[in-house]
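Take a look at the structures below.
Here subunit A shows up in two complexes: once beside subunit B, once beside subunit C.
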Partner chain A sequence: MTTLIMIDQPPYGAWTGREALDMAFSLAAFDQSASLLFTGPGVNWLRQTQHAGGIEQKSVEKNLAAAPIFGMDAILADRAACIAYGLDEHSLIEGVTLVDADADLLTDYDHTAFAG
Partner chain B sequence: MSETFTLVITGAPYSSQAPQTALGFAKAAVDAGHQIDRVFLYGDGVHLASALCAPPSDETHWPDEWSRFLTQHKIPGVACIASALRRGLVNETEQKRYELPSANLRAPFEIAGLGEWVEGRIKSTRTLYFHAGD
Partner chain C sequence: MTDIQTLHILNKSPDHPRAARCVEMMSAEDGLLLTGNGVLLLARGNLLPGASKVFALIPDVEARGLGDLSGNVSSVDFAEMVTLSLQAQRVISW
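So, the complex of A and B:
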């Protein structure tokens, strides 16, 4: 059973993205196939060199860096959203695969889920 | 064919319609002969398991309605521990662990980890999510 956890909200200002990440990590921890897809403003999760200390939050970059350790299959980002937010291979964190987040992509997974 | 459902509620009562919609679905599913394996409260959905909600008497008491439904049909209701602790929803064990002034988890809900959600997904034929919609 393959699952795609989708994050469509920016990293700071809402908690649902972090809770979506926890869902993906839990699946991986229980040996369930899981990937993450970032779409819309959610692609900002993948921006390099985030300094969240100014708003007394932890940088989500560190959370994401743990994804391969937890056994996450892939970190996907919607290509069009990355362009819209000025993200390219130089500004994205390592290990991100650009995809077209369309209906075809979703058919590759048995389940898709949002945290909220 | 009979289905087995895991229901995930992420919207809080009185700020979203998620618990109400989920209860309507759950009642219809049970009436139609389907099984509900478990109900998992995640994110703001954990507020549904608060024993301290006191809505006006002319409004539906959604936590109470859910408690009665779960008890009547012997369906496990689980609130995610990480979501619950962040939002001030604790049972007596967590109250003692964190030395908090009181516990407020309503019966028959329990507090457990996301593993309950993972297990529900594996055991059920379908997992449905009820979000706040914002």
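So, the complex of A and C:
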């Protein structure tokens, strides 16, 4: 049973994205196969050097760094959205795989859930 | 600080329909202040208004790792943000 968690909301603007991340990590912690897909403004989660102290929040970059520890299958990012937001291999955090978020991708997963 | 006709405060991400509406309805004498998710517009430079002055709130810019992107955009802190809104003839929060 494979699950894809899609995060299409920008970081820090609302809490829904973090809730989806917790959901994904819990799945992985219970040895369920789970992957994360960031699309649209959601790809901004994946930019390096996020200093969120000024808005009294923990950087989402640190949360994501825990993904391998939980045994997350993959962190995917939509190629077109990354280009739109000027994200490339120099500005993306490590461990992100670029994909085309299209119908084919969805067929690789039994379940797809969203953030909010 | 030159006077600003209308200060448009935008906290919506560029993908939110209201972001494009805001930029469309600005005149050259207006100012655009980006806060919250609004600062993501800095990562999509082509969507920024050409003529009018653009400001961005520093803590939000840094939280999203966009510190070095704000080339022709002036970054402001909270105090300067207040000054800006007092100087403008009118303030619209989108």
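In this section, the second predicted complex is superposed on the first by the 116 of 116 C-alpha atoms of A that agree within 3 Å, B and C clash if a C-alpha of one lies under 4 Å from a C-alpha of the other, contacts with A are read in each partner's own complex, and residues count from 1 in each chain.
In this text, a residue touches a chain if its C-beta (ideal position, glycine included) is under 8 Å from a C-beta of that chain, and two chains touch if they have at least 3 such contacts.
Remember, it's a predicted structure, so these values are computed and weren't measured experimentally.
A.B. asks: If subunit A is used to align the two complexes, do subunit B and subunit C fit next to each other or clash?
C.D. replies: fit
A.B. asks: Quick check for you: in the superposed arrangement, does A:23 touch first (subunit B), second (subunit C), both or neither?
C.D. replies: In the superposition, A:23 contacts subunit B only.
A.B. asks: Which partner does A:55 contact after superposing on A: first (subunit B), second (subunit C), both, neither?
C.D. replies: second
A.B. asks: To make sure I follow: the centres are taken over C-alpha atoms, the vertex is subunit A, the ends are subunit B and subunit C. What is that angle to the nearest 10 degrees?
C.D. replies: In the superposed model, the angle at subunit A is 100 degrees.
A.B. asks: Is A:80 touching anything from subunit B or subunit C once the two structures are fitted on A? First, second, both or neither.
C.D. replies: After superposition on chain A, A:80 lies in contact with neither partner.
A.B. asks: Tell me which partner A:1 touches in the superposition: subunit B (first), subunit C (second), both or neither.
C.D. replies: First partner only, subunit B.
A.B. asks: Could you look at A:105 and tell me whether it touches subunit B, subunit C, both or neither (first, second, both, neither)?
C.D. replies: After superposing on A, A:105 lies clear of both subunit B and subunit C.
A.B. asks: Is A:12 touching the first partner subunit B, the second partner subunit C, both, or neither of them?
C.D. replies: Only subunit C; A:12 stays clear of subunit B.
A.B. asks: In the superposed model, which partner reaches more residues of subunit A, subunit B or subunit C?
C.D. replies: C
A.B. asks: For the superposed model, what is the least distance in angstrom between any CA atom of subunit B and any CA atom of subunit C?
C.D. replies: Minimum C-alpha separation, subunit B to subunit C: 11 Å.
A.B. asks: Residue overlap on subunit A between the subunit B contact set and the subunit C contact set?
C.D. replies: none
A.B. asks: Spell out the part of subunit A that touches subunit C in their complex, as residue ranges.
C.D. replies: 10-13, 40-41, 44, 47-52, 54-55, 57, 59, 61, 84-87, 91
A.B. asks: List the residues on subunit B that touch subunit A in their complex, please.
C.D. replies: Within the complex, subunit B contacts subunit A at residues 8, 10-11, 42-44, 82-83, 86, 113-115, 117-119, 121-122, 127, 129, 131-132.
A.B. asks: Write out the stretch or stretches of subunit C touching subunit A in their complex.
C.D. replies: Checking each residue of subunit C against subunit A gives 11, 13-15, 36-37, 40, 43-45, 58-60, 62-67, 69.
A.B. asks: Inside the complex, what are the residues of subunit A that reach subunit B?
C.D. replies: It comes out as residues 1, 3, 15-16, 19, 22-23, 26-27, 30, 32, 111, 113-116.
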